[in-house]
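Two complexes follow with chain A in common, the first pairing it with chain B and the second with chain C.
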Partner chain A sequence: MKSSRRRFLKFVGLSAAGVVGSTGVTRTVRAVSEHEPPASQGKRWAMVIDLRKFSKDDALIDKIISACNTAHNIPDFSDDPKNEVKWIWTEDFETAFHSQEFHFIREDLKDKPTLLLCNHCDNPPCTRVCPTEATWKRESDGVVMMDWHRCIGCRYCVVACPYGSRSFNWKNPRTASNLANPPSTYPTRMRGVVEKCTFCDERLARGQQPACVEACSNDEMVFGDLNDPGSKVRQILAEHLAIRRKPELGTQPEIYYIVEDPRTLQEVAPAVEVFEEEGGHA
Partner chain B sequence: MLEKALTGSRSYWSWIFVLLVIIGAGVACWFWQFHEGLTITGLSRDVVWGFYIAQFTFLVGVAASAVMVVLPYYLHDYKAFGKMTILGEFLAIPAVIMCMLFIFVDMGMPNRILNVFLHPSPHSMMFWDTIALGGYLLLNIIISHWTLSAERREEPPPRWLKPIILLSIPWAVSIHTVTAFLYAGLAARPFWLTAILAPRFLASAFAAGPAILLLLAFFVRRVSTFDPGKKAIDALAKIVTYAMIINVFFVLMELFTALYSDIPEHVTHFQFLFVGLDGDNTLAPWMWVSSVLALVSLVVLINPKTRHNYNWLLFGCVTVVVSLWIDKGLGMVIAGFVPSPLGKVVHYSPTAPELMISLAVYAIGALVLTGLYKIALEVRGQIKHISY
Partner chain C sequence: MYDASKIVAGLAVFAVLATSPLWFNALSNASPAAPALQLPTNGSTECVEATDYMRTSHMALLNRWRDEVVRDDIRTYTSELSGKSYTMSLTGTCLDCHSDKEKFCDACHTYSAVDPYCWDCHVIPEEAK
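Here is the complex of A and B:
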């Protein structure tokens, strides 16, 4: 579906741009459809978050979030939410998936803390609107990258993101009291630029997993390559019912959430047990 | 020609002085904002654009509206607009300058503004808006300069200018269309995701812009011997009337689609605008004032008796401008952010420094407008030197 959509866009673009005659257009269509791009080029990083393994007031969540915050020198302005900068944070399940309806769902599932971060969409609206190419989709592995040395701070990408995953530095982040002294090796930002999760591109470059995934102990978050049929993420997605945020927008988010195992959903009583057993590990 | 703006009466200079004081205060606030960051505004992680961008949107319409006098005059040879065209073009220039300044003051890193040209991105509507606005400013400077210089020498305008004038007509439409595209192409913001946004922008622009032009023409008539002519005033009043009718019609279209389909993510924004959402009804009183004024303006303008009475016409123009300013300069942009994509209602209201900076941008526009109108009237020898 994705590639046909791209082909369609290409076709529209070409026929609109060309003052080409009708023969030119038909030739274009044939040329595009004959040259299918290879199914898999490079990597396509993705993440699966297993909500069954998280519970309210879970110490693991703090551990995950602070692993990211420390690694990336993220200022803590939580006392003044107006200025907040967040790369990974939680909302309750109902808010995280508020455009989807889960009627009569168990209370503990409704309030379940759900980790949110940049979705690294396959078809990201944020990079499309950037007027300076300060944010772009890395072709080699699908990471939505951010160059805060080029960003002009127009915040168009923040407006375009349907997930609220981007933060603007309303004030100087280097003044935040929580930053380690000296800060971690990751570059600090300045006021006036946008920032967000980059799937820890600095760690990926060293062959490491993202900091949040590394903070997990029991595959609560799994990171891997969707283009590799043998990868763990692919195996999990084949076996489980996983959902994504706002799939109807066509952005193709690459963060998947396992809500409940469809098998356990059928057996109500054991499901509660499984949940309590796994949720209480922290 | 510019020297004409440098001589003037006592009241001329006091007006300039007042504007300069406002500009000075605004510039000081801007330096503060540049130093501290946009945290000194009321904007937040959820309401990302606010008063600045809303003013920008309103003023793009004012700039585009010059086409409403240029088109009849040059395309249909409607001679009655002969005197009005220069006023229209001289309104467009400060309006575009204010648009650019509102974008500039909204930027987090204004010192990097050249990145827009160093790394041009045709996939971004903001890139096209920059080109549209810059080009429109240039076109209007060229056109008004050469027509006025020719008039000063009592010659017809040069022949090569005609195609440039004709180009300025679709260009004016383009600036507001592309500005609507900034908003209308975002999957994240259902409030703006509507095909009627650009037509609506144009309709409201062609009502508010000519209404401002009429108000300016009335003012100019008072301080100089300049008379745009009854025919021109009546024609412009008709343009305001029809544009306002179309604008209200478009707004009702929008309301029907959202409310009858009853899709929550479309309804909630209108709910926020007109009755409030989750206890936040900041904009509701404003929107009701805007709606009532729109209806009042229609009554005053559609009725030929009141429209032909200049006092009523003045009143009608004021109601149009205020109504559309509230609609576009407050409601349109802010409501796009409430509720947020996560369904949250986050309060926004502009802070004092934010308003001061905005006021200063308007003062810069007024300063440029004053200078340009002064030049136009001096060239025509129409300043009342005694009373003014």
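Here is the complex of A and C:
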């Protein structure tokens, strides 16, 4: 009797270990295979931000941020960072890209204001943790959407987002002084709801560009479809070296940043240029 | 039954008290007349669907609009009444005709003591700049 119970318990233990182990393995495999380039079906909206075209204390940055704030009735609680709601904002370059470990960085780059917004990741961690599907990745074009009707304010997504792109409404947005008379007819959010940039899905539906991109005058920010090889974003990405925030996390962010002048890159990789020129002469 | 008179009297008092709201309403004429809604002032004569349907089921329609716009990115609604197309927008389409929220939405909602939370977030055009 004793030995058979012992055998039974061993069997159960081993089976349990086997089940746990095998799911662990499949999880890992899945996690790797999910970090693929964008699927070829449908659109894949992405944005390129050309940092070369921004300078310190650039009036354009304020113009871009206020275009977004106005279009989306974003409450101004900037007096208390805890309450702050931001869809697009700036950090110093070195802070924004701290995981890239740019040591001994050029002085003008170090504190260069860098526009940050929701990265609309291909593999967004925020949507996985949402218990109500109030945030999800739109299959048709890759926008990480928000349904403010459905958000219960658990803030899992705020924790999950590695880019700090999500803000929680600690206060009723309508109590903000700038929303006493909302500047646009875009719905405000309410207290207890998480919000973030939605790539201006309401403008995309009308065939317009996002408000921040429209505020630019010289392609400082370019918006387009990554799945279209002829799109402007694809052209820019083909011609320049662009970096993304925290690529090591495998979230596949879709906001690309151009940091350097292309001439510098040609110096780094001259072989390609020389080869093409020789081919042209022959 | 002991103390029958006291018990019966007590029950009678209880019955009167328990049903007093009904008596009060029946005798005092306290219920106001059904609210008069302001019809569109922009010359529009038909809603997206039949009036009876809108009266009873506008909330279901609005929920459907909400889900289709937000979740499925479908922005246009085709009326089953007239076949016309409408942009599914509370602020943009509904309030375009029913421009005075207080005399339209609130009139009924106050009367029937319901408190929808649409306007916690959605903007009433006149309060926007």
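Throughout what follows, the second predicted complex is superposed on the first by the 221 of 282 C-alpha atoms of A that agree within 3 Å, B and C clash if a C-alpha of one lies under 4 Å from a C-alpha of the other, contacts with A are read in each partner's own complex, and residues count from 1 in each chain.
The rule we apply is simple: contacts are C-beta pairs under 8 Å (C-beta built on N, C-alpha and C of every residue); 3 or more make two chains touch, one makes a residue touch a chain.
The structure displayed is predicted, hence computed values, not measured ones.
Placing chain B and chain C on a common chain A by superposition gives a fit, with no clash between them.
Judged by the touch definition given at the top, the superposed model places A:C130 against chain B, while chain C stays out of reach. In the superposition on chain A, contact is made by A:R189 with chain C only, not with chain B. For the pair chain B and chain C, the least inter-chain C-alpha distance in the overlaid model is 12 Å. Residue overlap on chain A between the chain B contacts of one complex and the chain C contacts of the other is empty.
Those residues of chain A whose C-beta lies close enough to touch chain C in the complex are 73, 138, 140, 145, 147-149, 174, 181-190, 201, 205.
If you check the complex, the residues on chain B that touch chain A are 36-39, 43-46, 48-49, 103, 106-110, 112-113, 115-116, 118-119, 121, 123-127, 130, 182, 186-189, 265, 336, 340-344.
The touching residues of chain A, when paired with chain B in their complex, are 81-84, 86, 91, 95-96, 98-99, 125, 128-134, 150-156, 158-164, 167-172, 191-194, 249-251.
Put simply, chain C touches chain A in their complex at residues 66, 70-71, 73, 75, 91-92, 117, 120-123, 125, 127-129.
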